[in-house]
Amino acid sequence: MTESVYKIIELVGSSPVSWEEATQNAVKSAGMSLRDLRIAEVVTLDMKMENDRPAVFRSRVKLSFKVLAE
Amino acid sequence: MTESVYKIIELVGSSPVSWEEATQNAVKSAGMSLRDLRIAEVVTLDMKMENDRPAVFRSRVKLSFKVLAE
Amino acid sequence: MTESVYKIIELVGSSPVSWEEATQNAVKSAGMSLRDLRIAEVVTLDMKMENDRPAVFRSRVKLSFKVLAE
Amino acid sequence: MTESVYKIIELVGSSPVSWEEATQNAVKSAGMSLRDLRIAEVVTLDMKMENDRPAVFRSRVKLSFKVLAE
Amino acid sequence: MTESVYKIIELVGSSPVSWEEATQNAVKSAGMSLRDLRIAEVVTLDMKMENDRPAVFRSRVKLSFKVLAE
Amino acid sequence: MTESVYKIIELVGSSPVSWEEATQNAVKSAGMSLRDLRIAEVVTLDMKMENDRPAVFRSRVKLSFKVLAE
Amino acid sequence: MTESVYKIIELVGSSPVSWEEATQNAVKSAGMSLRDLRIAEVVTLDMKMENDRPAVFRSRVKLSFKVLAE
Amino acid sequence: MTESVYKIIELVGSSPVSWEEATQNAVKSAGMSLRDLRIAEVVTLDMKMENDRPAVFRSRVKLSFKVLAE
Amino acid sequence: MTESVYKIIELVGSSPVSWEEATQNAVKSAGMSLRDLRIAEVVTLDMKMENDRPAVFRSRVKLSFKVLAE
Amino acid sequence: MTESVYKIIELVGSSPVSWEEATQNAVKSAGMSLRDLRIAEVVTLDMKMENDRPAVFRSRVKLSFKVLAE
Amino acid sequence: MTESVYKIIELVGSSPVSWEEATQNAVKSAGMSLRDLRIAEVVTLDMKMENDRPAVFRSRVKLSFKVLAE
Amino acid sequence: MTESVYKIIELVGSSPVSWEEATQNAVKSAGMSLRDLRIAEVVTLDMKMENDRPAVFRSRVKLSFKVLAE
């Protein structure tokens, strides 16, 4: 079997700045070498507010990466 | 009954800069004290164009806030 | 903050005649001046039947109106 | 205009016991007379866990009630 | 990077008694310390019937837990 | 053709007690022998309120059962 | 068991005039006494065009009716 | 290759009268011979209100037409 | 009333070979004359694995057929 | 602006043999050079039956292709 | 026929900076005069990673523009 | 706790031949003993085209397997 197979995991990243940075933080946390990563699809975006701290932007993403080389 | 209850309202905010700022503008307009707010979930994002002005980013959000203290 | 903000409320209107009239009845009941209203998006349509009266057409709509002037 | 109009609001109720009780708590919090209420439709269910207290069942519902008599 | 990251896994729990217990069984099986768990969101509910045993309630949930401390 | 075929029907059951019992009531009403039934998938849950009687929990389910033996 | 149970069937009705009439035609074809019918929920609407005849409006509905008296 | 292929385009039509007429206006604007058209599927319906003119009914449709003869 | 009405039923067919064959098996089991059938729309596809037999492809379809002649 | 832009069109292809061939027929009909094409995403699958001819498998796809070189 | 008709096309834009810029790049590529454009609705957002270049933010949008003057 | 618990993972398999084979390749890559596997539910299907190689069929599936014996 020589075809590629990808695995998909779901993560929530956060950032005080933007949803783009929240998405990048989620990807960094996955701790994988960059060569295996492919696409982080946005599932949902939200903004969390708590009274004693600034709002936080959160991005829930599905992250796909190769598990079998072609 | 001592359990928390949250109410959810739906708002559309806008900004010439970003969807993050549009979301924050929607929340500000709700005119509630920050201690009651919890989460602004993004429902849809769009960008409105009109020929005599710059494009506007709009964010439709569901905003939840506590209506009964725990 | 000079950007527009819209609020969205959800209503169910009904009419013995058509879903167009059911939608207009929902909007009228909102009791707002017409200058603030913008769009009534149809969420669901149905027809209710009861044995002792004619069928009723119902329209569930999301009604948006301006809460902050531009 | 003699047709009924319903308004729909969205609430999140919670209970340490069951999603049925969480739904009833959401309805009670709406503070309306029972004669106006009609249906609480479940939008989502979840269970919240925090390390220093028992799990809580939460029910997000859309609650409809009559705003114009027939 | 000091922001929280959550991972989300999908599980199906079952119980002869209720969907609440099915959800708790799914969470228990995840074998994680309770301090890391956050929310079990219900994806689908069903009831399985087989002719030689009582019906079983099943709950498919998305379970989120912290993977990076704040 | 020796493969199984299942038919799926949609029912709404109700109960004053719980959505689990409402689901079982829907299944009982289908009047089929238990050996043919397989799974009752929840489509929607709601709670109906009327002013002169207690709230009723309702479960809309898709019920599958074998129509061709393997 | 004294609770009501409803069955739901899916039909497509058509009319050269309107989606309201298409929905009513679908209901009539179900051939049931009017006392058992309850609600026809619209699933999809379309308009079919064929070159040698006028366009036809079609309404796909889910029709619910009582199968067990309360 | 002798099989039919259809192309699908998305249009928004409008009418002061009804969603049926709005759908027909969208189809007319496509400027195609009637023999190639097949089905206009409704995607969304709404009603637009502006303070200095009557409400307008709008229908967003997916219009399919043959691009390869059978 | 001279317009066509279609009924829609939901079936699950299976095949060891392909989802196309699974769909055809579902249609055959419906036991209707071919002149009444119209379209089998795929709702979901899956592949069932059991340790003592080959994998089975399953297709859940909505099957429409004419109930009133034009 | 050096970033890629893709356009997405929606097509329905058909084949008496399989949904894979139906998808390839839809792509061929688009009449574009193969270097611009990227992905054909399946939107819906169905099987059409007519009494005087064999069943036809149809695949509705969204076809993306590059409109601006990187 | 004096009512407006809009056409909707689907595009994917990309940017190394943000989803807002990706959306604007998609709109620019459509090559239309700004007076015809109306709204770019976000369908999906993702972030593409390749090992030898920085991540790219991509925005899939539905772009509506007037095809018939009012 | 004697009830079964299933875990669900999401994979993308590919094949130059068919979506059935793509699904089987995804399952094989999961590297689990066949006795634990249960069902591979199709989430999305697509066909990838690149100018210097034949089209590839891809299947994104949710694969469930037992994590606790009954």
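In order of appearance the chains are A, B, C, D, E, F, G, H, I, J, K and L, and numbering begins at 1 in each one.
The working rule: a residue touches a chain if its C-beta (ideal position, glycine included) is under 8 Å from a C-beta of that chain, and two chains touch if they have at least 3 such contacts.
In this text, all values refer to a predicted model and were calculated from it rather than measured experimentally.
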*Quickly list, by label, the chains bordering both chain F and chain J.*
I
*So which chains are sitting against chain E and chain L at once?*
A
_Could you classify the chain I-chain L contact as same or different, where same means more than half of all interface residue numbers appear on both copies?_
different
*Of the other chains, whose C-alpha centre is the longest way from the centre of chain D?*
J
*Compare the CA centroid of chain C with every other chain's and tell me the farthest one.*
L
*Report the inter-chain centroid distance for chain F and chain H in whole angstrom, where each centroid is the mean of the CA atoms.*
38
*So how far apart, in whole Å, are chain A and chain J when each is placed at the average of its C-alpha atoms?*
30
_Roughly how far is chain D from chain F, centre to centre by C-alpha average, rounded to an integer in Å?_
23
*Specify, in ascending order, the residues of chain I that touch 2 or more different other chains.*
9-10, 18-19, 45
*Which chains touch which?*
A-B, A-E, A-K, A-L, B-C, B-D, B-K, C-D, C-G, C-H, D-E, D-F, E-F, E-L, F-G, F-I, G-H, G-I, H-J, H-K, I-J, I-L, J-K, J-L
*Mind listing the chain D positions that touch chain C in their complex?*
1, 3-10, 62, 64, 67-68
_Looking at the complex, which residues from chain K come into contact with chain A?_
17-19, 44-49, 51, 55, 57
*Over in the complex, which chain J residues touch chain H? Could you list them?*
9-16, 22, 25-26, 28-29, 56, 60
_Using the touch definition from the top, list the residues of chain F that touch chain E in their complex._
18-20, 23-24, 27, 34-35, 37-42, 45, 61
